[in-house]
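To start, the structure itself, in structure tokens.
Per-chain residue numbering starts at 1, and chain names A, B, C and D are given in the order in which the chains are listed.
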Amino acid sequence: MTTTLSMLETHPRRADVDRTRLAAAIDSLNACAETCTACADACLAEDLVADLTRCIALNLNCADICLATARMLSRHTAEDGAISRSMLEACATACRACAEECARHADRHQHCRVCAEACRSCERVCRDLIVALR
Amino acid sequence: MTTTLSMLETHPRRADVDRTRLAAAIDSLNACAETCTACADACLAEDLVADLTRCIALNLNCADICLATARMLSRHTAEDGAISRSMLEACATACRACAEECARHADRHQHCRVCAEACRSCERVCRDLIVALR
Amino acid sequence: MTTTLSMLETHPRRADVDRTRLAAAIDSLNACAETCTACADACLAEDLVADLTRCIALNLNCADICLATARMLSRHTAEDGAISRSMLEACATACRACAEECARHADRHQHCRVCAEACRSCERVCRDLIVALR
Amino acid sequence: MTTTLSMLETHPRRADVDRTRLAAAIDSLNACAETCTACADACLAEDLVADLTRCIALNLNCADICLATARMLSRHTAEDGAISRSMLEACATACRACAEECARHADRHQHCRVCAEACRSCERVCRDLIVALR
């Protein structure tokens, strides 16, 4: 269990969406960011790195975008539906592209298999939250 | 002069848009990120910080989103129009919200005046790049 | 359970330290970064924000430094003991300063209590890893 | 000219060191972060990427550490000499390692030549600031 939910529960302002769902979304985004950072480096260390350069670049993009999204969702002092939705949209797009690329190497590289799942699950979380924020 | 253009010119892959324009966009995003980080801290140090909490939170969001966008635009190995456009859209939205909030305090706080301009200019850069990427 | 350990186990290169310990350290750093980001925003939303500005600034520093440290520890392709140790040293210093400041408000603000604990635990993790990396 | 100096001049609190020097340091750190991000991607796009994996990983570390350092130096509300010095120490170490690795490929890859210079100059800036902060 992470402390994300405790932090939401002790925040003086209520978030715009259900706290349990929001905490799960933030955790999923942070986990996906970490997994993509690790997958980029694991790909870099493979003998056939030349086949994985697109995967590495998509991993790096996905990590940065997931992180910025998690941080934004952790701030409730200036919640702004338009920023949240557009950022979640961008994040879902980045997660899907990364999931698809990782899935192509999933049978040869276990780290890509784990990462593809993290990205797919994170994409779903982003899309669900967009609906919840409407 | 930054080295952003030199780095684009020595990259083995051509970017999808004109290099001079892309380098200017990356520089504008990095400058806006830095300005928003500095403005958040300057607001925090003001006596009337209680009036500036929304401004601080929008500054922090804008800084993180500009940075993630600049990094993504610096990667050409896996250029993906859908990710670029949606991220630029989110970034323009965050810049506009931050510019509007900063503009409200621009007469009392010089740092907010400088930041409002950086955000407005960065929003324009993002919107122009969305058109160029189509 | 996070996927951090799975990612370490499927990485083609062995890390310089025990994987279970390293995975726990990365998870602790990411959790501390998230907690500090959330605590900064919770402080910002408190009525007496003027008393919490030092806490907010230390939270923001700690979040950025923990994140950069977690990312560095997730990369094994160019492991460099000197960088790892000095970065862990900086991170432990930032965590201690943030823990001490948060502890001062822990009785009035639950989010500061949770954050003080996350920072203290993360400081310990960093110091243990410095010893293990020698 | 960046707006970093204007932001320092309009900040309600004076920084611990000379503003012109501090603004130059922040600009140098941000420029080095951007250059390293770009160099990592340029290396990734080279045919002989397999020879550049150590360079890429050091670039990614250096970019993250420079960025966290620039952000910390942009916050004066909770200036803490111990955090600043240890972070600048870590940053100088990361910049030196990256400069040395990039210098090895500088004759074949122009982006590594530009990046080696940015890292060397940033290392110097960090070391000078450590002295000034004493």
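Going forward, a contact is a pair of C-beta atoms (placed from the backbone, for glycine too) under 8 Å apart; a residue touches a chain by one contact, two chains touch by 3 or more.
Owing to the predicted nature of the structure, the values given are computational and were not obtained by experimental measurement.
Asks: If you average the Cα atoms per chain, which one ends up farthest from chain D?
Replies: If we average the C-alpha coordinates per chain, A ends up farthest from chain D.
Asks: Hey, which pair has more contacts between C-betas, A-C or B-C?
Replies: Higher contact count goes to A-C.
Asks: Can you work out the whole-Å distance between the CA centroids of chain B and chain C?
Replies: That gives a centre separation of 27 Å.
Asks: If you average the CA atoms of chain A and of chain C, how far apart do the two points sit, in angstrom?
Replies: Chain A and chain C have C-alpha centres separated by 19 Å.
Asks: Got the chain A residues that touch at least 2 other chains?
Replies: If we look for residues of chain A contacting two or more partner chains, we find 41, 44-45, 47, 53, 56-57, 60, 67, 71, 75, 77.
Asks: Which bits of chain A are touching chain C when the two form their complex?
Replies: Result: residues 2-4, 6-8, 10-13, 26, 30-31, 34-35, 37-39, 41-42, 44-47, 67, 70-71, 74-77, 109-111, 114-115, 118 of chain A touch chain C.
Asks: Could you pull out which chain B residues touch chain A in their complex?
Replies: Residues of chain B touching chain A: 53-58, 60-61, 64-65, 67-68, 71-72, 75, 77-78, 80, 82-83, 86-87, 89-90, 93-94, 97, 101.
Asks: Would you tell me which residues of chain A are touching chain D in their complex?
Replies: It is residues 40-41, 44-45, 47, 49-50, 53, 56-57, 60 of chain A that touch chain D.
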